[in-house]
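For reference, chains read A, B, C, D, E and F in written order, and residue numbers begin at 1 within each chain.
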Amino acid sequence: MNEKPQDESSPWPLEKVVAELRQVRHEWRERQGREPDLGTRELPAHRQIHEVIDALCGILFPMRLGPSDLKKESEDYFVGHQLGHALNILAAQVRLELGCQQPRLTHSLQVQKANDIVRRFASTLPELRRQLDQDVIAAYRGDPAATSVDEVLLCYPGLLAIMHHRIANVFYSDGLRIIARIIAEKAHAATGIDIHPGATIGQHFFIDHGTGVVIGETAVIGERVRLYQAVTLGAVRFDEDEEGALTKGEPRHPIVEDDVVIYAGATILGRITIGQGAVIGGNVWLTRSVPPGSRITQAVLRQSIDPAG
Amino acid sequence: MNEKPQDESSPWPLEKVVAELRQVRHEWRERQGREPDLGTRELPAHRQIHEVIDALCGILFPMRLGPSDLKKESEDYFVGHQLGHALNILAAQVRLELGCQQPRLTHSLQVQKANDIVRRFASTLPELRRQLDQDVIAAYRGDPAATSVDEVLLCYPGLLAIMHHRIANVFYSDGLRIIARIIAEKAHAATGIDIHPGATIGQHFFIDHGTGVVIGETAVIGERVRLYQAVTLGAVRFDEDEEGALTKGEPRHPIVEDDVVIYAGATILGRITIGQGAVIGGNVWLTRSVPPGSRITQAVLRQSIDPAG
Amino acid sequence: MNEKPQDESSPWPLEKVVAELRQVRHEWRERQGREPDLGTRELPAHRQIHEVIDALCGILFPMRLGPSDLKKESEDYFVGHQLGHALNILAAQVRLELGCQQPRLTHSLQVQKANDIVRRFASTLPELRRQLDQDVIAAYRGDPAATSVDEVLLCYPGLLAIMHHRIANVFYSDGLRIIARIIAEKAHAATGIDIHPGATIGQHFFIDHGTGVVIGETAVIGERVRLYQAVTLGAVRFDEDEEGALTKGEPRHPIVEDDVVIYAGATILGRITIGQGAVIGGNVWLTRSVPPGSRITQAVLRQSIDPAG
Amino acid sequence: MNEKPQDESSPWPLEKVVAELRQVRHEWRERQGREPDLGTRELPAHRQIHEVIDALCGILFPMRLGPSDLKKESEDYFVGHQLGHALNILAAQVRLELGCQQPRLTHSLQVQKANDIVRRFASTLPELRRQLDQDVIAAYRGDPAATSVDEVLLCYPGLLAIMHHRIANVFYSDGLRIIARIIAEKAHAATGIDIHPGATIGQHFFIDHGTGVVIGETAVIGERVRLYQAVTLGAVRFDEDEEGALTKGEPRHPIVEDDVVIYAGATILGRITIGQGAVIGGNVWLTRSVPPGSRITQAVLRQSIDPAG
Amino acid sequence: MNEKPQDESSPWPLEKVVAELRQVRHEWRERQGREPDLGTRELPAHRQIHEVIDALCGILFPMRLGPSDLKKESEDYFVGHQLGHALNILAAQVRLELGCQQPRLTHSLQVQKANDIVRRFASTLPELRRQLDQDVIAAYRGDPAATSVDEVLLCYPGLLAIMHHRIANVFYSDGLRIIARIIAEKAHAATGIDIHPGATIGQHFFIDHGTGVVIGETAVIGERVRLYQAVTLGAVRFDEDEEGALTKGEPRHPIVEDDVVIYAGATILGRITIGQGAVIGGNVWLTRSVPPGSRITQAVLRQSIDPAG
Amino acid sequence: MNEKPQDESSPWPLEKVVAELRQVRHEWRERQGREPDLGTRELPAHRQIHEVIDALCGILFPMRLGPSDLKKESEDYFVGHQLGHALNILAAQVRLELGCQQPRLTHSLQVQKANDIVRRFASTLPELRRQLDQDVIAAYRGDPAATSVDEVLLCYPGLLAIMHHRIANVFYSDGLRIIARIIAEKAHAATGIDIHPGATIGQHFFIDHGTGVVIGETAVIGERVRLYQAVTLGAVRFDEDEEGALTKGEPRHPIVEDDVVIYAGATILGRITIGQGAVIGGNVWLTRSVPPGSRITQAVLRQSIDPAG
């Protein structure tokens, strides 16, 4: 484009900015060792994954999260049609991530592996729905403000979060980290609940309110556990800070056994165990394991109360 | 469909998954005692309620939250047209929820009751706008970073939250819990502020930043109250935990009197009273009433400070 | 419209509500001293600003945040085309805010000033991309769960937040507060991270998880700083409460020097300084400066532990 | 709205034009004897009917006119889901037209009658597809330019026209003239072929090119008939012109027997019969019956040919 | 962009084609004497004009061509809101065409002139509706197949064509030829009826079927005229063919007086007069005036009829 | 799905209709000898081809048929970006048609062949634009009603038709008949002008009004030819009628030499030659060749004129 005369009246320095941006991209790609001849986007895309997830919500709960004009007599047709559509898109995205992980695999082997993964995923959907039904029950029983299971399904961000997590976790288990994270972040953006797709979560799980909850990659949560907003199941980080590069993938988040309740704002850090049936009070800060059946409450702080103002 | 031969080359086991999903739905509906012949979706739908709420924001503040090309001379036409449209959609949704609550009511009685509710709601809109104008003023006065009322109206999530709440609360008062919750969760998703539609909130209310705020169903908030991010006005739950089933609907959240300020991260639990003009410091944990004019600050914790690292 | 007969069968009292809403708007505008003849919307609009920002994300990272079918050979064309489009929309919005600030400026002077601002903004884009590349690296290094820079770019809300902030800050510096706030609130809604566009933030910045983070208008953050969820860099407010009107614009938020790490839930208030390399523990409450290299941890609270439940 | 002051700077005389338009509507409705209290639109709507027809095209030919990413294994699910959706919309539109025809019928009787009609219509779809398959074959055989049946199905406006006609004719037979006409006009707008929904058309019908074809309400067309562009099967009108009001509904268009071919531009008027196997030449003007097997060609006009220019 | 290396693997020669296309555009603009510094599109745009026209159809017939969920009680609000919106878009398009005609006019004078034109246009809308009501009546009376005025309004392409023409003609009269033609071609594309916006057409006008009708720029049509498909009111061209450049703008199309009927396919050419009440038969070719009350029919051609085939 | 109980209250017989439609499809596919295991749609799709064509119109005339907010300084970026996008879609569609023609070709050979075809097509675009510029000039010169070349480009259906034809013809020449026909029918639907993509058309071509024009597959048209509405360049069919199966692909349409003018409604049939510079009058019916320079006019028919009515 060297013969193009710079238009005097042009308000924006488009050519200059475009060239400089190309230069910065070039530098980044060189530093990252990216192949110079890479012609296409090799990564899964938000829009497609989001479309798949929205379709799956409708597939799992057609009369509640499907199209508002769906009739019960059309349920199976809707489910079958949406499922075929969603799995096709998904297979293409899975292949993209596999191709990114194993660029030397032939295209047709990538397709075959992707189809295998998606076929297995499809087979888990009925069990997934069964688990989510239990999560709905757990929410209904766990919140005095809930007046019906329908209210839970339509209005509880905690349910939305666990629905996304149970789907994301399947892909994480298959090594598809980026797809899994895109799903998890979709829920995080909508609910403020940040569950890493690697976390292991048992049946009858309920998070109330939820904003600010963080559950780490290697956390393990038992059955019938209940969490409130702003609970953190995180890693202790002081030790790792000195090391320079961080060790990735080690178990570093808590194990929470069955029937535990953790109230709002509690921070539980490190590979510790919260014993079965324990109740952790609001704002408690815990870095050591506690035995089954414990009741942990924050000591009442001496508060400066000046009744006269 | 029994004569359909299973396609050998079909990548997805659609028929099997569709059948299993139908089975799980069937089991759920049986356990929930749902009518077997229920042909239609009987619940309000997110998309419609969201459309109504977006329209109402434009109706209440046409030149700020209406279409960006609206001219002042068209304001009344825009308001009237949008209002008719929004109320029609709303009436259909209200009827759905009434039909769900009272399935034995005839269709035409449901329509009549729904129209009565929507008509009353329409009549409250001018007063609602008046209240929101006071909330805008409260935000402008309460935040040193605010430089104009327009900035507040366009950019403050706290205002968005209270706008949704004041609308949701009207429907909650009419017993339309699902519509009310869908509205409340729309604000929760957009702002991280979780106000149960049952909460009673006075004039000149302001929440700054807001992420993580939780206000419970039976909370009562007076006039000119100011909250910061991550404040909880919640229920104490330990006592109820032993009971098995939870008692629903009891007053269990705080009463906050006029002119109270509650700083970020404060947790206030149970049916206690924060007296008029009290100031609650950040991160304070309160489960007992405090008299008017109190200043409550968290005792400075002994912190382990190691200046040398 | 006085001759129009009230339709008896009309379900909604449209005319009455429209008239009352007009009256409330009129009262508000009178109280606010708004010009009676103001015919047009003088403020920037959410939809347009959001469109510009979404376009800018694609312009800055075309193969990651651009259209999913983009090929590398078309990158420059895509960038140039989107850039021209985005800057045109932006210039119109900037002119609107300038016109609102300086209503006596002639239209053509407003256009000229707006074009100058947008032209300068366009020139900063390559440097902005360079900074964001460093932020990506910082996130990749700072999180043991991150397995590639692509995962960071596609999935980390902290990166989305800093991308919006670095853009918003350019407009804040040019005095365009409303455009800057709309950009900041777009990120706040999507991530739960609330960074005031006025905050000054250095290179290699990383926020993990992020929900509930609040960074105030006059905060100053150095290089290589790392924050976790629910960290507040706020202002102390007790003193100002007595004054009636708040002083606006004063430096009132912390200075965080290079290489500081602040763990989840820490609250740091007032114009204090966190010295270089300091590490602030989770949930710490700080209102006094700490020297470089400090390790601040919350004293372990005496917790009431009842192992028998 | 009488208290609203006329804005001096308002560019458009909205209030005046709105009032005058209301007045004209009022006069029209009075002249037409429309009920003054009529609150709702009682007529079928273009958008809904068009949506139904587009869906039906996909239902009848899923792999050719359905969504481009449809796979054969999903065909039945797609067909079932689309069918349920389309029939629901259709039933509502049928009820509207019935309500308009028989305003005294109760709402639930209207619903019941509409459902009966739509149920019958659904049952005709397989036969309809069978007929259209024959029309495809007829087009393929009748046009030397056609190279495959797929080309016919995807590209021939004549096929689109007969597909719409065969659907429209079902509704016409049930007395739903407006729905039938909306369908017919959809095809007319897309193809320039104007077939009145009342026309009776046999199997293996083919129109080539088609623009300008007009087939009247009472025309009767046999099997294996072929028409070219700009053929008119119309009514003779001179007689009726004297009468004042026209007699509506009388048989007044031609009968075209089996195996007739009518070339481009031929005009055939009145209740005459074109005998089996006749061939009508281009531009022929016919107002009298012709026996089976006839060959009608326009006499070669004496043309003024001036070879020298 | 001279430093960009040509990507070997790039499938498309983008850079080469872009450069060559630029060169062809450059040559065209030079030949056309276009200003080299012309920075913006100076012409009205299809999309905007089409949006205005669709809005105007709804404004003129709100309960028939407006949104399908419009209720009568909202009619005025809908009309007022749509009108303001449509006139704003229209004013911008009118200014573009004025700017193109008179590039030396200042921007604000262009705006002022455009506003004057649009204001006048708005004032004609009630009269326009009144005329269209008469056209509806004319269609209902003129077609034996029409069973209600609603069927005419919803389904008759002839009505759509005259509605567009009556609007287009207002702009033609104001010298806005491009806007007028875009409107006329919108109708032409939808109906196959090509009425030049310059044609003068009286009250009670009806075109049946319509495909192929052509009405020239200087045609003059009286009251209660009825046309059928493929009628041409054109110009004789042989004389002008010798001249080289054509004389533009001269009266060259027929005058059709009141109460004339012209049947399908008739071709009427040149500045001749069809006297009041004349009836012109199908396919007649006329280049000479005929007196009032004439009946013109094509002589029955000697047709070669071979009954034996 | 055999265990699904038939819902008594179900309004539609979905299962029955779905099964019957499957049966009809099955019969059709068997009769057509379609492969039973065919899993995917093997044909080009309307939506994608239409998107490509709309993009190409903008690529060829960016400031006239591109986005209405395009600025001249962004032209090249727009062209390059759209071109890359359009060619990618096109390549996929070309591969589909190749795969349909040569199902035994490997996927990667299909891709390679498709890319070759699309690359060649891209290279013809500059020449194509040059030809279209000449067509614009021809229209401007040929119509006394045209007042600028811009009016021609924006408003003349004849130009739209030739633009589509020149594109379609490239694909026809490469044997891609279905893609070519979809493009041709897009123009036919929008303009009523039906040009078979196989027709050969020279420079400076102009069709005025255009509705009803039909140009056959093997027609050959020279330079500077001008046609009016309803002109047919067709085939004589009587001879072929007796044969049973039609011979496909033979030259059977007219040759029209340079500088010919053909007026409205003329019908020219068979492989005859219209000599250079000939003028064919309106409604003339021609089945024999005419020498260069001829003037052919229809003999004035004896018309039955009854001046008294």
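Just so it is clear, a contact is a pair of C-beta atoms (placed from the backbone, for glycine too) under 8 Å apart; a residue touches a chain by one contact, two chains touch by 3 or more.
Keep in mind that what you see is a predicted model, and the values were worked out from it rather than measured.
Colleague: What is the graph distance from chain B to chain E, where chains are linked when they touch?
Modeller: Counted as steps through touching chains, the separation is 1.
Colleague: Among the chain pairs C-E, B-E or B-C, which one reproduces the interface of E-F, with more than half of its contact pairs identical by residue number?
Modeller: Repeat of the E-F interface: B-C.
Colleague: Specify the chain most distant from chain F by Cα centroid.
Modeller: B
Colleague: If I superpose the C-alpha trace of chain A onto chain E, what rotation angle comes out, expressed in steps of 5 degrees from 0 to 180?
Modeller: Superposing the C-alpha atoms of chain A on chain E needs a rotation of 180 degrees.
Colleague: Farthest chain from chain A, going by the mean of C-alpha atoms per chain?
Modeller: Greatest centre separation from chain A goes to chain E.
Colleague: In terms of residue numbering, is the interface formed by chain B and chain C classified as same (over half shared) or different (under half shared)?
Modeller: different
Colleague: Tell me which has more C-beta contacts between its two chains, C-E or C-F.
Modeller: Of C-E and C-F, it is C-F that has more C-beta pairs in contact.
Colleague: Rounded to the nearest whole Å, what is the centre-to-centre distance of chain A and chain D, using the mean of the C-alpha atoms as each centre?
Modeller: It comes to 52 Å between the two C-alpha centres.
Colleague: So how far apart, in whole Å, are chain A and chain B when each is placed at the average of its C-alpha atoms?
Modeller: Distance between chain centres, rounded to whole Å: 24 Å.
Colleague: Tell me, which residues of chain D touch at least two other chains?
Modeller: 1, 4, 7, 10-12, 14-15, 18, 22, 39, 69, 71-74, 76-77, 79-80, 83-84, 192, 211-212, 230, 265, 279, 283, 295, 298, 301
Colleague: Tell me, which parts of chain B touch chain D in their complex?
Modeller: Touching chain D from chain B are residues 1, 4, 7, 10-12, 14, 18, 72-74, 76-77.
Colleague: How about chain C: which of its residues touch chain A in the complex?
Modeller: 59-60, 62-64, 68-73, 75-76, 79-80, 83-84, 87, 91, 115, 118-119, 122-123, 125-126, 129-130, 133, 141-151, 154-157, 190-192, 209-212, 229-230, 261, 263-265, 279, 281-283, 295, 298, 300-309
Colleague: For chain F, which residues count as touching chain D in their complex?
Modeller: 11-18, 20-25, 28, 32, 38-41, 43-48, 100, 177-178, 181-182, 184-185, 188-189, 192, 194, 196, 198, 211-212, 214, 216-217, 230, 232, 234-235, 237-238, 240-241, 245-250, 252, 265, 267, 269, 277, 279, 283-286, 290-291, 293-299, 301
Colleague: Where on chain A is chain D touching in the complex?
Modeller: 69, 71, 73-74, 76-85, 88
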